[in-house]
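I have placed the structure first, in the form of structure tokens, so that the comments after it can refer back to it.
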Amino acid sequence: MSDATIAQLLAGVTGLTWQAIVMFGVAGILLWLAIARDYEPLLLLPIAAGAILANLPHSPLIGEEGLLTILYDAGIENELFPLLIFIGIGALTDFGPLLENPRMVLLGAAGQFGIFGVLILALLLGFSRAESASIGIIGAIDGPTSIYVSGQLAPHLLGPITVAAYSYMALVPVIMPPIMRALTTPAERRIRMAPGGRTVSRRTRILFPIGVTLLVGTLVPMAAPLIGALMLGNLMRESGVVQRLTGAASNELANVVTLFLGLAIGSTMVGASFLQPGTLAILGLGIVAFGLDAATGLVLAKGLNRLSGGTFNPLIGAAGISAFPMAARVVQRVAQSEDFENFPLMHAMGANAAGQVASAVAGGVLLALVAGSAV
Amino acid sequence: MDDLGFGLWVTFVGMGLVFGLLVALWLLLSLALRFEARGPGAADERRATDEARLATGAAVAPAPERIAIRPTDGGPPPEPALVAAIGVAVALHAESRRLQAAPAMRSYWPGSLLFASRWVSAGRTRQSQSWHRRPR
Amino acid sequence: MSDATIAQLLAGVTGLTWQAIVMFGVAGILLWLAIARDYEPLLLLPIAAGAILANLPHSPLIGEEGLLTILYDAGIENELFPLLIFIGIGALTDFGPLLENPRMVLLGAAGQFGIFGVLILALLLGFSRAESASIGIIGAIDGPTSIYVSGQLAPHLLGPITVAAYSYMALVPVIMPPIMRALTTPAERRIRMAPGGRTVSRRTRILFPIGVTLLVGTLVPMAAPLIGALMLGNLMRESGVVQRLTGAASNELANVVTLFLGLAIGSTMVGASFLQPGTLAILGLGIVAFGLDAATGLVLAKGLNRLSGGTFNPLIGAAGISAFPMAARVVQRVAQSEDFENFPLMHAMGANAAGQVASAVAGGVLLALVAGSAV
Amino acid sequence: MDDLGFGLWVTFVGMGLVFGLLVALWLLLSLALRFEARGPGAADERRATDEARLATGAAVAPAPERIAIRPTDGGPPPEPALVAAIGVAVALHAESRRLQAAPAMRSYWPGSLLFASRWVSAGRTRQSQSWHRRPR
Amino acid sequence: MSDATIAQLLAGVTGLTWQAIVMFGVAGILLWLAIARDYEPLLLLPIAAGAILANLPHSPLIGEEGLLTILYDAGIENELFPLLIFIGIGALTDFGPLLENPRMVLLGAAGQFGIFGVLILALLLGFSRAESASIGIIGAIDGPTSIYVSGQLAPHLLGPITVAAYSYMALVPVIMPPIMRALTTPAERRIRMAPGGRTVSRRTRILFPIGVTLLVGTLVPMAAPLIGALMLGNLMRESGVVQRLTGAASNELANVVTLFLGLAIGSTMVGASFLQPGTLAILGLGIVAFGLDAATGLVLAKGLNRLSGGTFNPLIGAAGISAFPMAARVVQRVAQSEDFENFPLMHAMGANAAGQVASAVAGGVLLALVAGSAV
Amino acid sequence: MDDLGFGLWVTFVGMGLVFGLLVALWLLLSLALRFEARGPGAADERRATDEARLATGAAVAPAPERIAIRPTDGGPPPEPALVAAIGVAVALHAESRRLQAAPAMRSYWPGSLLFASRWVSAGRTRQSQSWHRRPR
């Protein structure tokens, strides 16, 4: 017995694999990004912690009845967590700027091209259709959408896809400016938008989420959960009569779910499966999707500028990629670096909110098309 | 190469659907905005925003924003601390007013009981106090 | 394939039924009541949202693994949510006024007659015994009790019963005054109650919830969950040593559970099953139960007034229906409309708290009698 | 008509049980109230209420009640904003006093750590500061 | 039918057993300890409430689908709740004092001897190996660790073990001083420690939880869940970038879980199984474990004092038992009673934090050894 | 008696493992502390404290700050209520300032810094204060 027990006592040390050690390094990088660089710490820190706990030798945390397994089953497998977080996001999102400039929806739509462009690239690289769609969804540049879609189409890629999605979202202020400068002329960047003075009544603000839910839910049932959750949160917010629920959904609930979500996703990053060439491909394709989103958004915005006779600042197109609300703030920064008196922020916010909606729609569309044809 | 075909098809149909849906949304919005009543709209607007602010639970956060306190007598600007203090005060007071003045129709149960307990209790106390006092 | 996919893409539009459209209208009415009229928005808004999401064509939200299904299984099917909310209510209820006037318990008991009166009417209308009892429980005029009882006896009626219960609770200030004026004379309404000066010690306040739990739990085991949850919350509150738990139960937990509860109940309101003549009958019977409760309470109070030689304001009887604490406030309003110097509020609060307890007791009694004899 | 009979029977037994239980409760209460100690009762009372107030977590709750602010010098009544601000202050301060004065027996773990963290830490800070300072 | 129903109506009264009545008395004592004496009210009050509800005749709360059963399955059976609470504790624990005096870890290790001493005693008393280990773990003097270990080795003893663990933790200020005075001389108690002036950088504070997780998780995989959860919370806290999550884990989440945990544990205290001679033995052994922990800690501290040439205050050894942070405060009180100017608090906090870590480690070790050899 | 043997064995191996692990931890710590960079450490410290303080939506966190309030003109000490009020005010104002001035790089989603760790601040304040004082 003693020998067996001794062996069992040393099981931990002997069970340590090189993949585990590499994953500890990966987790270390994520922690550095989260803590030192403040890149999406709310997600990357729990993900890194989950990855460490999952890669410990013989980790009881990912065994049956393990803590991380429980969390995964409780909210990732059934897609509960991303939807709950979407309710919270809806409760925190102000669609006012979009309601004031409805045409901004076009930029939101353009900002999703990267999803499909990368889907094609992934197919060419030999990924399966479901995998390719899951990789493409990184181009939604929206965390919960990526988790929701890839969780259904390719759960085994959930880890790298989520990490890519959140890391690149945090990198918006780094990645976007060069692209924006490359595709626009200083003159274009200096264009000042006319303030959209229109006031939006409370009635419209309340009808908006209901209308979107009915419209999208009817035309693309597969998008109903994402859009429904987002708009439910926004309805609670705009109704102004359920502050308790709005607060709970956007604070207590969102916090707890974010923690569990991060841990559960981190637990999928087990060395043996994570350390594959595919993972690197995913990280690479993700950044391509990112660039394509921004580029198409900018190009469409340049078109709008031409149509509007030079009164539309093309930078705003870059805000259509969602990554709410960072993209809009980056647009403001870049515009201001050309002309300190220029304030396209509110218009960019409109495009940004449109991108948020468009991302969820695109996610549903992708599910419908791929799930429909995959089998 | 079937996969490429599939990819192009998905891209074509997908982007089409996304654009289609958002254009439909655009039309819907323009329609809604057609029926905008400006005046009341603005009013509701403000009210909605106030409520939304209070909604955050941290009624205090936007306080400094809300109050553009300026010394009427052209004196020096007040201390930030004072500004913030008054900010808290105004927010809290606004909340209390809002909840005490709530119409009889307002539903206090099960949710708002927290507020009821907070503020209505105060009002009720005053009520019964004044009732105790009257004899004197 | 393309054809199939096109068909699938249009599935949403083609799947739209007239029942769904009607249900969208119903949800619209509920939203209007909640937002514009501020009728129980904390429940009606999530219920309406759930109804919209559940009636979307081919709604993935109520499919297996759908968000609303998950919430329903998590807390309605096993009755967890209504009990958790009851803990929160107990933590927010001050039984002091009842402890100061124990005789008020009689009015609480009288305020439950509507439950049984309507049960009989429902039986005569041809509802099954379990259904009739579930409809009758609307007369408890207490949300969680209605959900708990009907969830066990007739889950398929959960939607209309819950909607009726909460809508009518919100209508207390509208429905009650006429009944109160009809059954009392101005002279009776002007009666001023002697202030119940008695002070209740903290010890008694702490022993009260324990005693009630033991008493009711022993005599009517079926009522143990409802009373136990209510009194657990009250014990936490009165103990004064677990503020963290009291706060969590009455805030964070209550908010999240209320949101989930509303959504899950709304998800049961699928057109095909909701749009039945039975639903209208339930709405009608609910208001009858309401009136019967108030009437019996008033009548008993008039008796007490006679016994006490004209020193007992009969209006207080109307507060026995529970609908805590609105009914008590309505009593105060009506009394004041006769004599501005009259303050029966604290006495009405006593009757009201008694009604709260009596409602839970009646719910358990009903479960015991009907579940016992139904099979 | 069996159903009607059933209904009447349920009504009879049901109302009987409800009344029976509540009357039993009445007796129980009267019994309990028989053994009421008035003086300490009131004292405990107040204490309990204070705690209950703090329990709401929102220290702002009791503000309106707590402050019977009246200008001692018969001056004009203070601004509502100021009243509210002082309300917050008093509530917070009261809470701190109560929690710093907690007896050694009070259990700080795992729950009360919230309070410990807020206020006892402040007290501990002072303690260790004075410890740092003594040398000088 | 009527007879059957009458019998059923009286089922409650007839179903009342003497064990149930005794358990109501036990719950009453726990409530008195929690409310009147303020002994760990956050756990003992819910436990007592759960015990009352579980011992009601034919209690529906512990039946299948009963409230308490749901809570038990949701978080005790799968060990979720104690781990979640551990995350919250980690988020509230400041390991700074330990980082400033690393040698304090020795006292933390010594403070665990009671676990094993009592394990031997329990074996001699005829308890099975798994049971003995579960009883010994009371010596960890740490609630979640006791629940976690006994929940895996001897779930049927969960009730008495948890009650003993929390009651004795609350009794630290009563039990420890005599032991401390008995084992130390006034001269020793008057020793003033040099202030550990060293400043610990934020980097070290962040690396600490990561390092501990890797070290312990690798060497004793069985300890990974406890240490991992504790250190996850501490990492979130020290990172300073995820305050939302830290706050949620240490407040909202901790509060709700504490309530559920207490209720679920109370529900295991059903008279028939709780009222056994074994329970008394457990209560007795628990206090022995307690004394042994303190004694070994003090003895080792006296050794350190000798080694350090009389500059180490032996009282600090008593803080190694964990019971964080009460033990450290008691050390401060006893030391001050000898010399009012003496402030060993910060050093005691270091030993205390070490005890917290050591307790979790010991729990994992015990699981590894006993689970490994039991079968 | 096999059970006794088992018990002794478990005790021996168990205490051995516990001591072994904690000694290993000790070495690890000493190693880490070898590479302590004082300056940056303290600096980080300060930053962390600010964050922690703002983190607590509960305006009570900045207690230590509050304690520092002293009348500059050597007047009488301010009322606790006023002190607390200013404490709240400063914290809230700081928070609002910070949230408005947050760098684009900070991630606002899904949570900006509303609520969080409550008892970091005091402990950290103590340290950074003692660190501030040392120079003197």
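For clarity, chains are labelled A, B, C, D, E and F in written order, and residue numbers in each chain start from 1.
We adopt the following convention: a contact is a pair of C-beta atoms (placed from the backbone, for glycine too) under 8 Å apart; a residue touches a chain by one contact, two chains touch by 3 or more.
Being a predicted model, the structure only gives us computed values, none of them experimental.
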Chain of greatest Cα-centre distance to chain F: C
Same or different: do the copies chain C and chain E touch each other through matching residue numbers, with over half of them shared? different
Starting from the Cα centroid of chain E, hunt down the chain whose centroid lies farthest away. B
So the centre of each chain is just the mean of its C-alpha atoms; given that, what is the distance between chain A and chain E in Å? 41
Distance from chain C to chain B - Cα centre to Cα centre, in angstrom: 28
Quick check: how many Å separate the C-alpha centres of chain C and chain F? 46
Would you please write down the residue numbers of chain B that are in contact with two or more other chains? 13, 17, 56-57, 85, 88, 111-112, 114, 117
Of all residues in chain A, the ones touching two or more other chains: 5, 9, 38, 41-42, 219-220, 240-242, 244-245, 247, 251-252, 255, 258, 369, 373
For a test of understanding, state which residues of chain F touch chain E in their complex under the given definition. 3-4, 6-8, 10-11, 13-15, 17-26, 28-30, 32-33, 36-38, 40-42, 44-45, 47-48, 51-52, 55-57, 111-120, 123, 127, 130-131
In the complex, the residues of chain E that touch chain C are 1, 4-5, 8-9, 11-13, 15-16, 24, 28, 31, 34-35, 38, 41-42, 45-46, 49, 52-53, 56-61, 65-67, 70, 251-252, 255-256, 258-259, 263
Contact footprint of chain E on chain C as seen in their complex: 78-80, 83, 206, 210, 213-214, 217-222, 224-225, 228-229, 232, 235-236, 239-242, 244-245, 247-249, 252-253, 368-369, 372-373
Help me check something: in the complex, which residues belonging to chain C touch chain D? 98-99, 102-103, 105-106, 108-109, 112-113, 115-117, 119-120, 123-124, 129, 132-133, 198-205, 207-208, 211-212, 215-216, 219-220, 237-238, 240-247, 251, 354, 357-358, 361-362, 365-366, 369-370, 373
